[in-house]
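Shared chain: chain A. Partners: chain B in the first complex, chain C in the second.
Let's turn to the complex of A and B:
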């Protein structure tokens, strides 16, 4: 019964998302594209944070590498969009393997410091390697060609691009959800709750943490690959730690204990940002205050708090 | 030869400055068991307060060196009592998240109050010249930073090993419940240690102000450097912080001179190398997940 209600709500939401270009203004098509891409980014982050209990402050490294990979492939090779996304995922997976190998074997405090430091290392490389990355200006002036699979889509049209993003994000989310629901996902949850016990049960905690880190990095890379053609630029800001703060805040805002939490967080975050930046330039200040309040008072996030409240009402 | 001498002195002043800042991070971690992500922001606040005291209020450098860190320490007491007290009993992730939120708030506040542009603080007249040493000319201010760094190093060593306050801090770091049972007011210790860590960060900030241009990104740079120092040296280790800071100082001092194309990258390479062979840092004890 509960599942049926949930499925019905999801179906309505997805139908609503498909209909956005016809019912909302051009402006909101852009807003919703951003919500979807950042939602996937935040959901990938929540695989390691909410599920496995590893708080990474460098998740933007994978998002940014994904953006740069797509931009570079479009500029130099002009492959189809799907091929670009595959390259993005591969590049972030490789980077996640290297950073993860050095970081996941240490405890939470070290892990937080290391992911931040390595994230900023990638930022420093993108900033300094001018010949490849064009330094602080970033890579721009690339255009999307074909989609791939023989489909004829005009990706340059923001309305078409929105539907492409929606399709890819939904498929990626289903894959991510299946990973979370699998026995592998259960082990990740167990690692968050009690790593010693998992290790006594004969499982190699470090390997599981590393694999989770790589999967999260790969999906962040996919989100980054979707972001570059949307922004029409891949710049170092996408790698900066303030970008790493975004999925953290989205996951906390929506609720880290639920698969859909980060998506709700992403919607709340982007809408709040749009609304607040019309009044003040100090968006990061507001962000900091919201994060502090959520951590102190609403640790379960919007979704968790709403579900608790609903349960209370039903009693 | 003179090039190497100058690089060595340069490494030493960068290293000792980093030590002052990283040891504050380490002390807070040792007693409170939290990593203060806002440590670099507090360092930046020290530098900007010094700028205001010197360039706007017209105070001498020495007064700023005394007053700015006290101001930052008072702010730290407020942060501790208003925000951090909620999360001391919670999971470590919450303290990381909350100090990260504080970092965002301080960074943006600095941008709002002082603007995004660059500010410059002049060193005091007494220290603005240069002297000849080891066959090359060295800024007097560099020697002053080295002297203050050594003075603080000796002072901290004395504090921790020879005084009652130091013993209480070490007791609280080892076992807070036991310390409480022995009639130590651990809440006071926690607040005091957090303020002391902030004071050290701000002293570093004031010292750094005449050496580096002030911009709202300076805190971000220094927190990454401090993390590298404690990862190389070993989290929570006093000699580790010194060793890590000197190593990073040498990387900067020589890397900037001989390998300028990749100097931004070298600290990370150093950190990755240490991690490969000594995952808990050179002086660190076990902390495997």
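Let's turn to the complex of A and C:
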């Protein structure tokens, strides 16, 4: 019963998302593309934060590497878009393996600081390696060719690109969701609640944390690969530590305890930013107030609070 | 004559200048229940921490079934067959009671490496989890969130989790600490039943002497990190040094309580 209601709501939401280009203005097609890409970015982050209990301050490194990888492949090799995305995922998985290997042995604040430090290093490299990355200007001037798989799609058209992003984000989210529901996902939740008990049950907690970190990095790289063609530039801002804060804010805003929380957080974040900046310059002040309220009064985030409220009403 | 499950040779742990455990030798035979007693600070928990891999011994050797496990990390020692409980509850508070056991079982059976199964439809593991809960008499609580069950039930849940790894040696660290007298009696009966089933080898630390004398086949008495005496419960009860060093302290307390 509960599942059926949930599936029905989800189906309506996805149908609504598919219909966006026909029912909303051009402007909102852009807004929703951004919501979907950042939602996937935040959901990948929540695998390590909400599920495994690791607060990383360096998640933008993987998002940014994904953007740069797609941009570089488009500029130098002109491969199909799907191939670009696979390169993005591979590059960010490799980077996550290296950063994760060095970071997951530490806990809590030390882990957070180390991931922040690595994130800053990646930013510095992208900023200064001008011959490869074009420094502070970033990589621009690339055009999307074919999609791959023999599909004939005009990716340069933002409306088409929106549907491609929607399809890829939905598929990636299903894969992430299945991982969360698996035995492996159950162990991740157990690690968040009590890592010591897990190691005394015979598992190497460090290995599990590392695998979760790599999976999260890979999906962040995929999101980054979707972002570069959307922005038509891969710039160092995508790697900046302030970019690492966005999935944290989105996950908390939406609710870390639910798989779809980060997507709700992403939608709230992007829409509020759009609406508030039309009235006032001080968007950050408003965001700060909202976040403080969430953390003080609505610990479970927008989605968690809504679900609790609905349960109350049903009684 | 079968071989010992656990052979400990001159095990020692020093923290700086303080010797917490000093030159302990011990053999644990299959299917026996051995109790380790001693006043607070006698080194029992440090001893456990070394056997279960939580602490590195300064000196000495720990052999499990003839295999050297000295200084291995906890997850490897657990895989080799030593499972332990803790003095403080060590469970997964936000999961249901049944899921707590499922986590341990999926670790034990290697399901934990599966990325694309659906954990909540793993009926084999679920049935097995319920069986372990039944053995501890807490299967009626299986749907409850672990954080809301009573303190005593949490301790029993932890024992169920410890047994779920099918250990060769079970270490219980003060299994009845903090329990009500009723819960203590129930837990003692349960451990007694499990020990009598012949499936397990137990090592137990305990403060409650009734529990110890009820359960133990052999008792190791520790005092200030050293072995004071080892023998059957009868021998321990009648040993003059033990009475002075350990049982005697309780008499002193009783005297103080009587004459405040």
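Operating definition for what follows: the second predicted complex is superposed on the first by the 309 of 315 C-alpha atoms of A that agree within 3 Å, B and C clash if a C-alpha of one lies under 4 Å from a C-alpha of the other, contacts with A are read in each partner's own complex, and residues count from 1 in each chain.
In this section, a residue touches a chain if its C-beta (ideal position, glycine included) is under 8 Å from a C-beta of that chain, and two chains touch if they have at least 3 such contacts.
Everything numeric in this text was worked out from a predicted model, so none of it was measured.
In the superposition on chain A, A:24 contacts neither chain B nor chain C.
Once the two complexes are laid over each other on the shared chain, residue contacts for A:295 go to chain B alone; chain C is not touched.
Of the two partner chains, chain B is the only one that A:105 touches; chain C does not reach it. Shared-chain residue A:185: touches chain C; no touch with chain B. Touched residues of chain A, counted separately for chain B and chain C, are more numerous for B.
In the superposition on chain A, contact is made by A:205 with both chain B and chain C.
In the superposition on chain A, A:120 contacts chain B only, with no contact to chain C.
Contacts of A:57 after superposition: chain B is touched, whereas chain C is not reached. Of the two partner chains, neither chain B nor chain C is touched by A:132. Once the two complexes are overlaid on chain A, the chain A residues touched by chain B in the first and by chain C in the second are 205. The touching residues of chain B, when paired with chain A in their complex, are 29, 35, 37, 83, 86-87, 92-94, 96-98, 100-105, 107-109, 111-112, 220, 224, 227-228, 230-231, 235, 261-262, 264-265, 268, 271-272, 275-276, 279-280, 287-289.
Those residues of chain A that touch chain B in the shared complex are 49, 53, 55, 57, 102, 104-114, 116-118, 120-121, 124-125, 127-128, 195, 205-206, 209, 241-242, 245, 248, 252, 282, 284-285, 287-289, 291-292, 295-296, 299. Across the interface of their complex, chain A is touched by residues 52, 73-75, 78-79, 83-84, 90-95, 99, 102-104, 106-108, 111-120, 122, 161, 164-165 of chain C. Residues of chain A touching chain C in their complex: 178-179, 181-187, 189-190, 193-194, 196-205, 208.
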